[in-house]
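Next up, some structures in structure tokens.
You will see two complexes here that share chain A, one where it goes with chain B and one where it goes with chain C.
Up next is the complex of A and B:
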């Protein structure tokens, strides 16, 4: 009776449409609320930024007309067009006409005889509805004549007209000072990636494949850089190799301010990320392959290239793209140690904060997003393959003691460990020195943050507040969202869209997100602009910025839950939210805690996204490090950086203790 | 709890039910009625649509077309929470962080029952499934069989009108499985709850069901009691899927007899006309061995002499492979009791006479060569 299975056999007529249960409605509603959150905090700001990058502003002189009276204030009716006047006088450089959204152009230059004391009266008007000009701070956008005395006429400023086009991009790519940054950024990212991945690979290899001692200590050291802002290694490098550095001679005259500094610092702060990924890849390799290689009498060298490297290849590729992405999007480090060496992330900052050229900032952002998205996409692709590899049943590799290998491994790891600990130690040491390098006696002067620019101790407490808020709200939003998207019945399109939105933040560099927030939340027409300049926008920005990794952690935990819990609960007529609070959350508690510590640590260390968004009242510790360094207070900057380190370290220890306590208390079911 | 048996009143009826996954049809025009208190098994190979049908009955995956009536009420488009059923899954789906008691009590909460009442009901249910002392433990501390009984207790805690079992025993050891299927059947009889179980294990279905629904490729092949299904299979698929079946290529000849090789046999009544190509089928245990010297050409009996080619001892019987050139290439498999083998002195290489009882030899449509 094996008939052809073809839906065309089905009789015509309506399809059974399921009635939604209260829970279904609740869950879909909840999912849409969180999707809306992501749209408002991610999609719309990005859209605002994109449209900004295509917005051009130009003062159209032909749209303005003037009349000049005689000394008695009588107008003879002669109408002068601004464009014609400028052709005669050449007072305004045509380049000045292309300006930003805030551009203002004074007009007195068009009148060589102008004197603000003269009794001559002026009339000015727009010839078209688009034209606008300011008298003082009053906007005139009508086409009627406005009569002004000389003294007031001085305060007339023409405003630009908005248009849409590629002009900003054309402008960007015809300015070598700007587009050279693309080359610089790529160059730095590639070099850092090669070095970091190589170092991290051998470090992970030594920890996984040798029987050396103190593996646990080395593992801890390798993870330490995650606890500090990326600009901290920059400060350490200044102390080591800067103009007054203690080991300046080691550079043989080369300057640490520039690519060398950025690369060394990048190695420091990306090392833990590369190490974790490669270590996981090496840990899952199959011992049976090594036994097979040994039985075939393959040399160690050959085994390494035919078994070890292919087994870890996905990990290596993934690590490479993660590091590449981190370096190319990083802002703090090149800001501190980059010197005259321009990179994209710093360009955004300079355009926006330094030159107030928001359109150009948006253009650089768009340029920066391209390699970031590219690296992100490849990483996701590779990660999915890695998972497939993991699910195979393999026998874990057990290293055999070998004196020579173990010794070499130990020496290597000790060098890497020394580098990481050294960077941190220099910062701490410098923070405690009275006046580097002249008075090396110890003091706590550098901890008097209230006496420095940067927000003082308040910024430190703000950071802790931000960390806690981000951890609490972020974990709640992320975990609940992940639950809804994993366990909602049907609603496939909606869930697929949600998953896509949840992946997007990872591809968006922090600088870009921060700038996009300015465009979106600072717009006067946006009712949400009340949160601009508050702690709320910092929390929202941080949650969104670090959404993806948290979301993936939550999804992984939820996927391990029995798919039928919801079915059973529904059959017992119990609300899904009861199941969620009584079963899902308790069972996933370890992952929930992991998400919250991840969010806390990142909120404490992030600079890039929040640098555009803090206000004097909500300055942050990481921003204070940046600003104090900028102001030349390098020692206090180092001191604050180390405060972040200790805070995160303590948070990690608390997280560890809480996790253990929680496991013992609520996860008794795990033990038989 | 009142003790009652399956009545004639229909409790669950499924009418013209279709389920499509994209262009693929998982269920094709299923119509089925389940009587009140009846234990029905959906049996079939994996991918036959049995679980899909169960999930449609539960409302977990709605059918594309067709209606489901339960207790006289149309539940076709209702979500699971608005239907009246308890369900047990292959994975048990016990909440790992809740004790056994709390697992069972989960469905009793928010139903207007007092704390004391819930505690009493939980104790009663634990007794019922034979695990009175285990209430304070966590699921992971119980064996698979015990966990399955807890899942069952949780499913029947609220006295649902319908009990759905989705391969409830598949994850268990063979021994536990046999024991538990007996217990579940007992419990079901005691409670009198209408029960639908999905299984791919024919033994389980034969042992537990009042009626078996044999499914294949999204359609129902046969519905009947275990003996009907076994003794009177409706078609070759059912015959082949349930138990062992010798299949011999054959043609219908005059008088409705089946011709195989040079011989013709009388068989169970059928409706095929002369000349139809068919498959002659007989179960190994239905073949009768005869003593030496029995007349193989007795025209009143379906006898044939064969070579006992190979014998395999399977504990309670011998599985024998029989050959005869006149039978063409086919080999017959017969299960002879240990007694018969001893009595007849059977051994490998023996020439012997067997009988294919007329009413046990069946004719089925020959499937088109694929």
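Up next is the complex of A and C:
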């Protein structure tokens, strides 16, 4: 006992603190640089957007003064303030004073005796330099009196000045046309989620739990929709179920333009996402549980509900929220096939492009972010639990051949496969038709993109450029960032913050990101505004938009590598960067390739993030699909959409071949 | 990052090149004219003025307008050549246009010139509303061709009609503002209430209704005449109907941006845009141009279109635009639940 108390009484020595090596400083510095990248390309633009949503326009009545003459045109010098006049007459409802940047307010209502035929003259002026009013369409922003006869005075319109407040939100929620979209968006997303997850579950179940044939083919088909922009199924549906559609009788007179179209199209483009997640969940289930169920003589039905579903529940929940998020934030599909059914993402587009009401666009964006963040948060929570299910003793489930099950599975999968292939095939067919439906002869006219709106063939090459740039720079930034955050010693807070920033892009809908970029990068006071309208901003936007999934892929791959590598290299006095380039990257090369193909495919198909950011010189293929459809050139839009499909398919094949070659060369150590 | 560096170097290189060619004045010209026409416009202009180089910035009407408004405090454009007059009125009301009476402006139809002296903008050509009528599909549905706007409210056309949404389409807005001018404020809204009952859906763009009519997706599309003529030339079974009450129209116009550093060159360009030569050039795409007596008939264009054009009050349209759109939205966009 004495010895211990002696020890505690020893004088306190210097605090032992690990000295930062040059490598540590380098790695922390690198991490800061990539964190700074995320702050500039994500946090600051979102902040700019949020502040825009609180920027309002209001007519300040107190800023205007009037004088009225007698019938002879003589002024007696009495000055009337507009605010005081309005208190007396109550002519202008206070709600009318809150308006948009384009708001105008006529003033004659303030003068009950006003008649445009009377000989009375009027004088009007601003009391401050900020005040503005129009006479007809001529701007008056001085503080001198402007004298007008009665007939001209009725052409006076007051203009609003900038203010800050909640008025935009109040305005939004008092306009049924706008806030109805919240209900519509949620409704569409819920229905699509239920149907897609159900379809995808049985598809994944058939592939994992039966011994049917052609599983590889079905797997390929199920993944095909990921290669096309989300508006392509919309175009296909027009040809299938539109008024001139080849199968419109199947709808029994209902219109495809509206919720029906959005739901069917959403099922198509979200199917691969749901299928992938559920398939993974089903693949890792434990065969021992089924053996136990069989020895307890449980019926297949009972086994299904007590073993299969609980085993896949995290996958199902995760798939549901991913699909929900994809549908509610998608813009292309409802734009093409939504008809009069307004949804949030299209509202943003209409406010910004149609009405140049950037403030209201920002408000709708803020509203859209809420369900998206909510769905994202639940998804993360669920996915973190999924890992715990798998234990080292699990035995993979092996399906037994069963003629009836296999046949039913095959028929079901064939049905789903037909739906997916059918959508793509009808687009390709329509693209080759000369003039639907009056001249069904084949021609390549629809491929003369240079003759249509949308940017022509140049936009196709721009898209490939964007895809390649995004893949190369994105992979470099993401993988390096993931390496630093995974392998840096200490610096916990910094790493946790970095992880949080890396997760954020997933929760931000593309439309919102694109709009935020306008506010941030187009501001004249921002030194970075030189990149506005260039390919650079499109690349940056795409990298940031698809950051999260790439980051997670990289982190997963890096987690497989023991930290001992770093220790060994440090004890051998090798710089970390040498280890990174000589060992880490080659070992993780399959994941690096996966990240680059993911970025390439998504950059080729994305519409929502870039629709606000392209310039005439950097028009993109996916935007061309949108614009050609918008202009009514639906067949060329289908043709361009299929060009994107083929390009992505070729990219995937190249990726597959390269991966195989790489696997042989760099992953040989994995097998003995 | 490497990409950024290359962009930067090319920017610097570009700036150096620009200063090297001092003999030439460069004008940044914003436009919404079809891309395929721009090269021709610049070429014709350069034949007589080889010393002024035009750098086009082209996009659709809405986006170019938004861009100009966004750059209000720091204008990038020298001249706007070929933008809707309603958009130019918005710019004028922001004090962004430099009033200038181009040489020879008196030759133009006064309808095409801003009312102020000197005018803030001058018109080039007009695009005119019209109804595209698919004869094949209409016959299948047992319809008879309408002759007036009022005819379109007949219950016979229910669900067979498409028009552009004025909130996103300039063509849609010129329809709505023309009805309010033709039928009066109250009558106009009453008319649209009745019309709404027949509309299958509203499209985002102004040309889509006519293209949809051309492809038989809908029998009747309210669009603009030029689009109809083009589709008809492409072989669509279309008839282009000019409603008897008169039709709304908007024009493409030209203006100098206030504060331009190249005022003299800008004035030279605007002088050119009102010449007979320039108007002949506009006539290739547009049947109605500002210079009287120039216009040659454009193939498949409906007859009597010029007489049907209403006496459009652009000031009314511009000053009431926000209020009209709000009213329209609350009447028709709010209750736009899908019709079964």
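Definition applied: the second predicted complex is superposed on the first by the 558 of 672 C-alpha atoms of A that agree within 3 Å, B and C clash if a C-alpha of one lies under 4 Å from a C-alpha of the other, contacts with A are read in each partner's own complex, and residues count from 1 in each chain.
Keep in mind that, in the parts below, a residue touches a chain if its C-beta (ideal position, glycine included) is under 8 Å from a C-beta of that chain, and two chains touch if they have at least 3 such contacts.
All values derive from a computational prediction rather than experimental measurement.
Asks: Under the stated touch criterion, which partner chain does A:438 make contact with: chain B (first), chain C (second), both, or neither?
Replies: Once the two structures are laid over each other on A, A:438 reaches chain C alone.
Asks: Tell me the contact category for A:403 with respect to chain B and chain C: first, second, both or neither.
Replies: Neither chain B nor chain C is touched by A:403.
Asks: Who does A:570 touch here: chain B (first), chain C (second), both, or neither?
Replies: Touch partner of A:570: chain B, not chain C.
Asks: With the two structures laid over each other on chain A, which partner does A:295 touch: chain B (first), chain C (second), both, or neither?
Replies: neither
Asks: Output check: A:104 vs chain B and chain C. Expected answer is one of first, second, both, neither. What do you get?
Replies: In the superposed model, A:104 contacts chain C only, not chain B.
Asks: Between chain B (first) and chain C (second), which does A:493 come into contact with in this model arrangement: first, second, both, or neither?
Replies: A:493 contacts neither chain B nor chain C.
Asks: Who wins on chain A residues touched, chain B or chain C?
Replies: C
Asks: For the complex, which residues does chain A have touching chain C?
Replies: Residues of chain A touching chain C: 99-104, 106, 134, 136-139, 141, 155, 157, 159, 175-177, 180, 238, 242-244, 253-255, 257-259, 335, 339-342, 350, 352-356, 358, 435-439, 451, 453, 469, 473, 522, 524, 530-531, 534-536, 539, 615-616, 630-634.
Asks: Going by the contact rule set out above, which residues of chain B touch chain A in the complex?
Replies: Residues in contact with chain A: 16, 18, 20, 22-26, 28, 58-60, 62-66, 76-83, 85-87, 89, 91, 93, 95-98, 106-107, 109-111, 138-141, 154-155, 157-158, 160, 216-219, 221, 235, 237.
Asks: Using the touch definition up top, name the residues of chain C that touch chain A in the complex.
Replies: Residue list for chain C touching chain A: 1, 3-4, 7-8, 11, 35-36, 57-59, 62-63, 65-66, 69-71, 73-74, 89-90, 92-95, 115-116, 120, 136-137, 165, 167-169, 200-205, 207-212, 214-218, 234-237, 315, 318-323, 325, 329-330, 333-334, 336-340.
Asks: Enumerate the contact residues on chain A facing chain B in the complex.
Replies: It is residues 1-3, 5-7, 9-11, 13, 15-24, 562, 564-565, 567-575, 578, 582-583, 586-587, 666-672 of chain A that touch chain B.
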